[in-house]
Amino acid sequence: MKLLAIYPGTFDPPTYGHADLIERAHELFDHVIVAVGANSSKAPLLTVEERIQVLQEISKPYANVSVESFDGLLMDYAREKSAKSIVRGLRAVADFDYEFQIAMVNRKLNPDVDSVFLMTRWEYSYLSSSIVREVAKLGGDVTDLVPEAVRPVLAGAVKRGKS
Amino acid sequence: MKLLAIYPGTFDPPTYGHADLIERAHELFDHVIVAVGANSSKAPLLTVEERIQVLQEISKPYANVSVESFDGLLMDYAREKSAKSIVRGLRAVADFDYEFQIAMVNRKLNPDVDSVFLMTRWEYSYLSSSIVREVAKLGGDVTDLVPEAVRPVLAGAVKRGKS
Amino acid sequence: MKLLAIYPGTFDPPTYGHADLIERAHELFDHVIVAVGANSSKAPLLTVEERIQVLQEISKPYANVSVESFDGLLMDYAREKSAKSIVRGLRAVADFDYEFQIAMVNRKLNPDVDSVFLMTRWEYSYLSSSIVREVAKLGGDVTDLVPEAVRPVLAGAVKRGKS
Amino acid sequence: MKLLAIYPGTFDPPTYGHADLIERAHELFDHVIVAVGANSSKAPLLTVEERIQVLQEISKPYANVSVESFDGLLMDYAREKSAKSIVRGLRAVADFDYEFQIAMVNRKLNPDVDSVFLMTRWEYSYLSSSIVREVAKLGGDVTDLVPEAVRPVLAGAVKRGKS
Amino acid sequence: MKLLAIYPGTFDPPTYGHADLIERAHELFDHVIVAVGANSSKAPLLTVEERIQVLQEISKPYANVSVESFDGLLMDYAREKSAKSIVRGLRAVADFDYEFQIAMVNRKLNPDVDSVFLMTRWEYSYLSSSIVREVAKLGGDVTDLVPEAVRPVLAGAVKRGKS
Amino acid sequence: MKLLAIYPGTFDPPTYGHADLIERAHELFDHVIVAVGANSSKAPLLTVEERIQVLQEISKPYANVSVESFDGLLMDYAREKSAKSIVRGLRAVADFDYEFQIAMVNRKLNPDVDSVFLMTRWEYSYLSSSIVREVAKLGGDVTDLVPEAVRPVLAGAVKRGKS
């Protein structure tokens, strides 16, 4: 049996924490689909296409990782892909509670799919896309926060948002 | 002395967790008013009337439970009703902190009213109205999430929201 | 139906927080049994008899409160007393998790009994018997921590522990 | 070396908790700048000017406290002021996680500035500006929630918001 | 590459939650070693041999699960076994913090091994070995708490502890 | 006014996290006393003298830091030293709750002394003396966990404990 996992998220933008998770997940599963939720954010900073593009650059070193977008219910998407696992990153306690609720509802909706939680590297565990967006909008330096591939796209999106 | 309790909430929509709480509260108090906060949500999915109607259906088995709506401050409403207790459901830790803050301000505003926290059944403790709304909007199956009376009203509200 | 509640604890020693909870519980229930767990602490500071005595002094103003000790399983004791509710105080988040676990196991063991959580006054919410014991053993002033009735008994127990 | 600290916030409106923090901070540092974030709230209740004015009244007793506004990144502002410390109030656990994340990103952006957390008085620890705004909008009594200087400005802002 | 995971614990006694985790882990990995920490508890209720025996009975349906004991450092044991993953169950928030700390130190000690967190079924998430021990010692019914294979061994251990 | 702070702890043994806190505190205060609690641990691994010695080595670079031991109540010790601040490190949420309780009781016992919380570097935030003790006892490598000065003393203490 080939183990297929989905790593879903908004990735607006992807951070070093996301990149770290992709690296860990690709070692654990036969195939990993990084799945950009197309309907999860009302007014995203990056377009879905931009997010897919930078996630593909980040995932290039791993032959068993692909990037897609999905809309609708994650569990319907998982069923369609015959995925057995949902990968989620655990950072802080605030995450944990919310992740638990989501995971429980997901299990109700599709008991065949299990949630698997991985831990980002400690130094990335404080990173969230929303903090990165705020720093970027205020003109801060995001070098230590997002991978190189993300920076020009993020800079372009911030500029676009201001005009 | 007759003990009157208010169980306030947004109930947009009511979940199995809310239904479970109503059942527990009706055994503890002489009378329970399920009180729909009319001003607590800016763009509700269900109208206040729809929420009252399905809560009345859910509460039909309990002779000592009534359903009302209120606007303004909960503590003013409690004073007007001469309620001695506010019933709140405890689910997860994230809840807890927020509930504590609200309860403390409520106590400042009206020291005669005590907050009483009850625990939903474990299997409902991951349910929140916001997760239910998201599942419903994305076309997921809400059978295990909300009581039967809620389903047609929720389906109608989702349909209405899309047109 | 008369609502009987049990407020169980170790009460080694009772604090202002416990006293506050007893006052709140006596208003909510027809009868409250403050139940000292005789087997919950291996090397208690106060004897069970001392704890019962000071809890009786604290409860004297409330005609519907009595004090007892129990050993064995709380849920067996609750069944024997035909209690419908277990009263617990909520203080901080650390409490919450543990209380939740205990309450869930209790519900498995006896589904007829519900846990009811009340909130102590904010200024007592930092108080725990273990902190009080530590302050007392180190010779600190416990005037703001425990009711008057507790102080001589606590002082005696600390003295006894040193000799 | 003179220790300069920044106490940043939205202060919409300032509460008794903020006032308490200012008092504590002024004892710890040579100089404290209370810094109103001009871009942190999209639709503030009080204007930045109103917030500065009432914070100045609150800070009048302390010769080493001044009030300013800033926009842009806090860490850029701290660098410009040569501040060595950021003062933050700790209230509840929910705060804690978020504060930690912010503090970590801030440290990445400017390692020379340390975050210093102080604890408000227990009785103010449940206060947040958002709860105060809600109480004020619903016509509740804010006497126990905000300092005297804040009340007329808050009342005016609520009235303005309704017209 | 064959993925080998270690599921370490004290298992004193194994609960339904542990059994559920073993079932989930056996689907995710090529091989799972359930590893009883021989030095993690000072005065265990069950002997290491008893714990191994009942875990073997619980694991009998899964061909790719074996049970061993280990002493010394978990990360040394993982290196010796060439394991790539440590499986841990996530229950409540209190767990989470501690698990995080352990996982971080483990990563420092052996960066080649990743911690993978799985979620027990909701209804088992309140279970802990220490609560089970307490219920068993007080003569409570453990039918809903531990698998059938554990019950006679647990009963024997409690009896032994009393004589 | 000269600001004197006490940084109390058990320090059994001091970790990189403690060393980091001492460095941060020495920049914030005119003088810092690192205060080893002589009665806080029943069966310590390191003697009080060993802990004082390694803390002195760690503090050698900072002219305004001294190391002492104390027994009795921390607040009595603070009064005797005329300290205005207690420095505490914040690591994880579990800490936070406990620290809050301690800080509140301390404030009751001596309102003139304020607790000041500092944040260790992220990569040390998972470190605790108890985890270090466990790793050391099981023969693990503590190079990344404790400063160089601590290692021989820790090794000696572990050896002593085994004989």
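As written, the chains take the letters A, B, C, D, E and F, and residue 1 is the first residue of each chain.
We adopt the following convention: a residue touches a chain if its C-beta (ideal position, glycine included) is under 8 Å from a C-beta of that chain, and two chains touch if they have at least 3 such contacts.
On a predicted model such as this, the values are computed, not experimentally measured, just so you know.
S.K.: Note down the smallest number of touching-chain steps it takes to go from chain A to chain C.
M.R.: Each step joins two touching chains, and the minimum needed here is 2.
S.K.: Quick one: how far do you have to rotate chain B to sit on chain C, C-alpha fit, nearest 5 degrees?
M.R.: Angle of the fitting rotation, chain B to chain C: 180 degrees.
S.K.: Report the inter-centroid distance (CA atoms only) between chain D and chain F in whole Å.
M.R.: 31
S.K.: Between chain A and chain F, tell me the centre distance in angstrom, where each centre is the average of that chain's C-alpha atoms.
M.R.: 39
S.K.: Using Cα averages as centroids, what's the distance between chain D and chain E in whole Å?
M.R.: 47
S.K.: Would you please write down the residue numbers of chain E that are in contact with two or more other chains?
M.R.: Chain E, residues with two or more chain partners: 93-94, 97, 100, 104, 122, 126.
S.K.: Report the complete set of touching chain pairs.
M.R.: Chain-chain contacts present: A-B, A-D, A-E, A-F, B-C, B-D, B-E, C-D, C-E, C-F, D-F, E-F.
S.K.: Please output the residues of chain F touching chain A within their complex, sorted ascending.
M.R.: Those in contact with chain A are residues 93, 122-123, 125-126.
S.K.: Quick one: which bits of chain E touch chain A in the complex? Just the residue numbers, please.
M.R.: Chain E residues touching chain A: 3, 24, 27-28, 84-85, 90, 93, 96-97, 100, 103-104, 107, 114-119, 122.
S.K.: For a test of understanding, state which residues of chain E touch chain C in their complex under the given definition.
M.R.: So the residues of chain E in touch with chain C come to 92-94, 126-128, 131, 135, 138-141, 144-145.
S.K.: Per the contact definition, I'd like the list of chain D residues that touch chain A in the complex.
M.R.: Per the touch definition, chain D meets chain A at residues 39, 71-73, 75-76, 93-94, 97-98, 100-102, 104-105, 108-109.
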